[in-house]
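In this document, chain identifiers A, B, C, D, E and F correspond to the written order of the chains, with residue numbering beginning at 1 in each.
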Amino acid sequence: MRKVYFNGKMIPENQAKISIYDSALMFGDMVFEMTRSFNQEQFKLVEHIERLYAGLKILEIPIAMTQDEMLSACYETIDANSDFFEDGDEHRLMIDVSRGLLGIYQGIEGIESGPNVIIADFPLKWTVSSMGKLFDTGINVVIPSQRVIPSRYLDPKIKNRSRIHYLMANIEISKYEGNNNWALMLDEDGFVAEGTGDNFFLVKNGEVITPEPRNILRGISRDYVLQELCPQLNINATEKNIEPYDVYNADEAFITGTPFSMLPVTSINGLPIGNGQVGGIFSKILAQWSLNVGLDIEAQIKSWQGANTSNGPTPYKFK
Amino acid sequence: MRKVYFNGKMIPENQAKISIYDSALMFGDMVFEMTRSFNQEQFKLVEHIERLYAGLKILEIPIAMTQDEMLSACYETIDANSDFFEDGDEHRLMIDVSRGLLGIYQGIEGIESGPNVIIADFPLKWTVSSMGKLFDTGINVVIPSQRVIPSRYLDPKIKNRSRIHYLMANIEISKYEGNNNWALMLDEDGFVAEGTGDNFFLVKNGEVITPEPRNILRGISRDYVLQELCPQLNINATEKNIEPYDVYNADEAFITGTPFSMLPVTSINGLPIGNGQVGGIFSKILAQWSLNVGLDIEAQIKSWQGANTSNGPTPYKFK
Amino acid sequence: MRKVYFNGKMIPENQAKISIYDSALMFGDMVFEMTRSFNQEQFKLVEHIERLYAGLKILEIPIAMTQDEMLSACYETIDANSDFFEDGDEHRLMIDVSRGLLGIYQGIEGIESGPNVIIADFPLKWTVSSMGKLFDTGINVVIPSQRVIPSRYLDPKIKNRSRIHYLMANIEISKYEGNNNWALMLDEDGFVAEGTGDNFFLVKNGEVITPEPRNILRGISRDYVLQELCPQLNINATEKNIEPYDVYNADEAFITGTPFSMLPVTSINGLPIGNGQVGGIFSKILAQWSLNVGLDIEAQIKSWQGANTSNGPTPYKFK
Amino acid sequence: MRKVYFNGKMIPENQAKISIYDSALMFGDMVFEMTRSFNQEQFKLVEHIERLYAGLKILEIPIAMTQDEMLSACYETIDANSDFFEDGDEHRLMIDVSRGLLGIYQGIEGIESGPNVIIADFPLKWTVSSMGKLFDTGINVVIPSQRVIPSRYLDPKIKNRSRIHYLMANIEISKYEGNNNWALMLDEDGFVAEGTGDNFFLVKNGEVITPEPRNILRGISRDYVLQELCPQLNINATEKNIEPYDVYNADEAFITGTPFSMLPVTSINGLPIGNGQVGGIFSKILAQWSLNVGLDIEAQIKSWQGANTSNGPTPYKFK
Amino acid sequence: MRKVYFNGKMIPENQAKISIYDSALMFGDMVFEMTRSFNQEQFKLVEHIERLYAGLKILEIPIAMTQDEMLSACYETIDANSDFFEDGDEHRLMIDVSRGLLGIYQGIEGIESGPNVIIADFPLKWTVSSMGKLFDTGINVVIPSQRVIPSRYLDPKIKNRSRIHYLMANIEISKYEGNNNWALMLDEDGFVAEGTGDNFFLVKNGEVITPEPRNILRGISRDYVLQELCPQLNINATEKNIEPYDVYNADEAFITGTPFSMLPVTSINGLPIGNGQVGGIFSKILAQWSLNVGLDIEAQIKSWQGANTSNGPTPYKFK
Amino acid sequence: MRKVYFNGKMIPENQAKISIYDSALMFGDMVFEMTRSFNQEQFKLVEHIERLYAGLKILEIPIAMTQDEMLSACYETIDANSDFFEDGDEHRLMIDVSRGLLGIYQGIEGIESGPNVIIADFPLKWTVSSMGKLFDTGINVVIPSQRVIPSRYLDPKIKNRSRIHYLMANIEISKYEGNNNWALMLDEDGFVAEGTGDNFFLVKNGEVITPEPRNILRGISRDYVLQELCPQLNINATEKNIEPYDVYNADEAFITGTPFSMLPVTSINGLPIGNGQVGGIFSKILAQWSLNVGLDIEAQIKSWQGANTSNGPTPYKFK
């Protein structure tokens, strides 16, 4: 069975559990990261860990590990799991840090006080196995009634577990007619913010545009597109306030997210974006990404289609 | 060791844990209740369970148990723990319901899919042992920079675990000079909302006033004061928008919460409310409550002072 | 062919048209009312006309007719149409008042300058013929992403034609799965406002509650329920800020609107309200209304079912 | 008499009318454009039609015509009217598209179901004949109490007829002392948005600045100034949030609009902008525009002064 | 020459001055009250002083005087001025309390450190001499673009000197056409708040309604009307959110303020309220007030008309 | 004794006072500037005077003096005070302009009607004498509950005296534990605005970033850093919306203000910014500033430490 790093020990995946008295379960008081590998090589792991520590600092969770130690722990976890991964599998790490037991529970025998550091290693394919076809059809983004929480109340830039509203948005969108519907949430001003686990981009007149980094998680994939891939391709890329009007009138659109890198968005609320097909700039950027990491991202995900139906878990649901 | 009800089984308290792949830990996706007994008799347990089910319905968590079965499970849990409680101890129940494993994790051997129903029974005294003196000095409420999340984004009336902002408010207030500081949070309009685990009341010209039930948890203790105790005492009690100005000019103030029932508030931001003493109406209502439940609430809490220092856990912190 | 009152003349219904240069078409600058009869007797016609004139005053549309003259014109219109109505038909009046031609167009030969007063008489049955079954199943209200415009920007209490956002809400809801979906719009604070042509009520603990009259049209049927029917039945009825949470936890719910008087609401976003059945208080109020006007409102609408399929227009769409 | 294109036919201008049952009159549900010619040559007609179709798409009005067919229809309309225009007249086209009859009215004999496409051709001079002197005096912009509707409620970028609030702003400003007062509306944040039919610009330190394109109609003339004229003249031109403070401290200001191209703004709320005179950059840009289109825009408008007094309609009112 | 109480001394009125280094001039950091007499008897002086001290407490101005000492100081001031008042004059007291010198200026020789307590006694007639005719014509309230500052930023319930926005509203309204225009300010939600020195009331169906006490100064005259005069006359009086729509449709309206007690409001933005005449309920309440204080308030103010033209100061301007 | 310019005359500093009837004390209706010298040379005096006149214009204070005359008056004031300054002292000018007496007070003998123009000259050292150590330790900025007033209600860009909320923020922060706490205020959106007398900057990846110039005073020192010092040093400097998240994650931070030029910010809410030390870019910019003005700014302020303890006023408090 896969192993999970838990405060320095490797334990079986199904024993990786958190006490009901942990602040993580009392207050959603946990910071986390999700990473992935390309060809078994972790991608931007240092950047993920930096973002993790930014959240820990602001929430004042008194973690003892340094960022370097965290990095080492990640690699240890991957090593400990190598036997449980098939050839060609990619490692999706989930790093969780909770504050630990609230004060009054700290005397209970047999529960570690915390903070708790947990690193789980999971085959990426099960996360994305149902997404292959989306590279051809694209996603239909739907604007739910549920808005993102403005950052002054609860900052989405801190990647934390108090985020039931993302789940609520997903439930709402599941009631829409049609397939391939993904939620695209607006902020209080009516600006496009983000999906419930992804960042949004549009393309207009050859320029790549993504929402200002205010009411969103500043995704690592988002930064990679903005700051590395687009410059590499001489594509102008900027952050701007985007309204639904701009999406309706875009030439193309796409989303980014760690598990799938990029997916095309071909319609909004059922109305086509551009010509309703996967866009050329999307394809160009994805190709560059594939080139940079040395594997065909789209082909790999398509190759995993159905992976889960026989003996794996059920497909991706409510990201 | 104390036992915890976990999906129909009684397990040791330190084994009551939730998988890291549970929606509760992924999204703060858990509904809960905290109840207490007076003289070992659960107080308003039915009302707590009704509120729990209201939250489950809106979040669409597909629980199979009926409200009656939940009630029975609570009593079973208390029975299973009676040997672990000292005489005079009161039973504080914590009922947790999580949606369970997200789809892609449902195939992992040895983790229940959920929904998960958990009932823990904990000696109330450790929750309140440090509060005895507050019945004499009163609390100083401090208004933090952190505002409550407006209910249209994430409804506080659903008692759920996506609530790290309460913890942030507590951390902020811990940096103020002085003792007995408790956070009193405002809403977006600048109206008084609630504490980070309690409801607020003021008294003006003999009338008891509490914030409108919009951006708050509608506490069971709050309802008891409004709808039963005040009418019993012929005290006029109403819900109204309250501003800090009104608190500064109140005759008295107090808070309510399940663990301690009621506590006096004698100052705001360091400035006295009324004459800065525990108020007469507060005392009258608390006396009636004590009468109704057949024990002296204040005396009981004072009797527990220091209970924890010798062999129990550390005192109440960050409610 | 039916006749339409047009600035004092009776013209054929298909000639009742407005110049493209009229302020009504330039700016949505038209105030209107919809009324109906019970047993060919107009209901609350005076109240409708008063509301019409309140809007005309605030928009400063310089109408020359008095309210009494307007009343007479309504009756003339009904008389002129009596031959074109079948036995048992009810008269639905639509009263439109536009400012008329903008200045630069006032010289064009053959177009009246305005203000224009138009009264059309239309068989009510075609408006409601498809609604009979809703008295049994109830409506499912769905909360769209589209919010009502706050009254400080454009006051919905002025019944005017600048209201494309109602139509947008209807289009949005038409994409939800299921039947009998009607939009229930929220305001900027997340309070329930109104449907796209109806007012909302809930019932809780025997009390009838409807949103505060701020961001809504203050419907004549709404007032009738609040101020006449409920008092007649000794039912307590009040205006209050209502949130979706309150609707999820209501015992019953219903809407009011001139064409159908009242319709039961049995679910919200697909989740049952109360026991998911038509409520007892709803039935009681509707029965009283029927008694007061001397006809069985529900039975009459059910009797019209299919009226339109043979030779009338297509059914009610986008109220 | 002038002819109007109406669903493929040319009809007399005073017969160009819309049924009272059309969605345009029921909901302000009509998208439109206003264009003009310079030397009888339509200006940016393709851009106007593109914007029209952007609105039709978002409102989901199912028009059958392609953009090319619409373009042809415009030219046909101009041809059909050439005999009714004097030498030197310019053609102002108004293109209207309505959804057509609501469902229940679709069976009425003699009314086209729609969507309705209407193109009217009107002598531009009557729209602008009173504006000649404003090129010398400039306009005094006045900030009314009426704010623009935030775009998340009703998007002004869709050029539609639900816009009675523009008219309300004009009525409000008409009560101010003085002449040449035009409304300059703010948005909810207090940023300058737009006039009631024009876009606003200021000049500061040689740079041309106009509000961000959020709560405004993105005017074709505005785009022409920003994207063509300023670059042509090597003037830096940007979109920025502008507050009244910035207008009070600007060096110059002006507005743009299709009928008049550009007009100088020399004061705000009665206080001078810059030295209170028509600005040099304004004049430079207008001169370039005149050059580009091959006629002196200002002189042409001045030449039309009084055109309407003898035999035309009354002057421009409530833009 | 009239005398002013200044930190315990009586000094000539033209020597009553504040150092430029006083916090009052640095930050608008001064709390104040305006009172008046009827028949030389101070009206509600205790209530005014209570409100003054509420403000001092919240601003934490460390005044040494008790409320009783303040009361005595007021009477001393009146006594000291009795020779300078004509028969029939009423005493308008202005009580000012400033925090005093900021720290770095406290060493300057010859400036008192403060807090400073100042009581000036001024003939009321000069404040109201131009208002007599308003009892016959009524006021036209005009809604300016300037909104009140929401109380969570700067609480208007603290009667303080940081209130330049009231002056800005007055300047704005002075540019409207017509006479007798007074500003009626809205709050952020578009609710009617207050005038720039008066509270607003409307009358509808025999009920007296005034805005909720949130974004306003809670006037002493306002309280007197609500809590004493209306009950005395068996008139129902309540606090409610009021919108301009409600004012347009009111039966009557009026304002209250210490100098003039009450004035009728007969129109809003130039449109008549009710029949455009002084209202009957207004007259009834004013008559009762006159009865209670033993003088005809309206007659007294009318008798002072022109008082100032010969030898007094210029009339009331920018209240 | 030092002299103060008062409407053209030089009067002793302790006689520089404002009548209690002046609009400045009635409404906080006064515009002001604070300037300083370096080596007795006034810095950016023209820019300060321009900003003063921008405020006077918007508030419509009818000052008769030209900007040139104001400049001369400043120099006259400095000359008149040269004997009262020690060698090495710097001249801090405070320029105040008030509207003067409200109308009804204009006849009182012996009080100038105004507008009043006042220029005071004060040794800068007493303002900054306690700040020397802050160049080593840095400031801890603390975010208070008090937000800045949004500029649409009261524009902070007009440097005026209605600003008690700055003082309220200072009082609030004075209750925090620790030393060197300075308030850093947020705006309504949760963006960092400004201190209570200073502008905020952060440094990230070598770039200097300061809040957009919306809800702040646009400081002269702020402009100098942005537009002169950073370009001089080839440091990229921009205006951007900044959130607390950005401050927590900044590399360095600092504030600017006329009296002290620049001060390092080393922590926020007690958590270190960057490595918690004074930043390198801060030091570079300050060094350049010192170079430009020909004196070591930090050394000068440190040399004044204790200056006030012997014979001057108490130190800087509540800026």
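As a working rule, a contact is a pair of C-beta atoms (placed from the backbone, for glycine too) under 8 Å apart; a residue touches a chain by one contact, two chains touch by 3 or more.
From a predicted model like this one, the values you see are computed outputs, not experimental measurements.
Asker: Starting from the defined contact criterion, work out which chains touch chain C and chain F both, please.
Answerer: Common neighbours, chain C/chain F: A, B, D, E.
Asker: Match interface A-B to one of E-F, B-F or D-E, accepting only the pair for which over half of the contact pairs are the same residue numbers.
Answerer: E-F
Asker: Answer with same or different: of all residue numbers used at the interface between chain D and chain F, are over half used by both copies?
Answerer: Since fewer than half of the residue numbers are used by both chains, the interface counts as different.
Asker: Note the rotational component of the Cα superposition from chain B to chain F, reported as an angle of 0 to 180 degrees in steps of 5.
Answerer: Resulting rotation angle: about 180 degrees.
Asker: Between chain C and chain D, tell me the centre distance in angstrom, where each centre is the average of that chain's C-alpha atoms.
Answerer: Computed from C-alpha means, the inter-chain centre distance equals 33 Å.
Asker: Cα centroid separation between chain B and chain E, in whole Å?
Answerer: About 45 Å separates the centre of chain B from that of chain E.
Asker: Please work out the Cα centroid separation of chain A and chain E, and write it as a whole number of Å.
Answerer: One centre to the other, that is 59 Å.
Asker: Counting only residues that touch at least 2 other chains, which ones in chain A make the list?
Answerer: Counting only residues that touch two or more other chains, chain A contributes 60, 150, 152, 186.
Asker: Can you identify all of the chain pairs that touch?
Answerer: The set of touching chain pairs is A-B, A-C, A-D, A-F, B-C, B-E, B-F, C-D, C-E, D-E, D-F, E-F.
Asker: Where on chain A does chain B make contact in their complex?
Answerer: Per the stated touch rule, the residues are 1, 4, 12-14, 16-21, 23-30, 59-60, 94, 96, 102-111, 118, 120, 126-127, 146-150, 152-154, 160-168, 171, 308, 311-318.
Asker: Hey, which residues of chain A end up touching chain F in the complex?
Answerer: Result: residues 54, 57-58, 60, 150-152, 155, 157-158, 212, 214 of chain A touch chain F.
Asker: Where on chain B is chain E touching in the complex?
Answerer: 186, 189-190, 241, 243-245, 248-249, 271
Asker: If you look only at chain D, which of its residues touch chain E in the complex?
Answerer: By the definition above, chain D touches chain E via 143-145, 172, 175-178, 186, 269-270.
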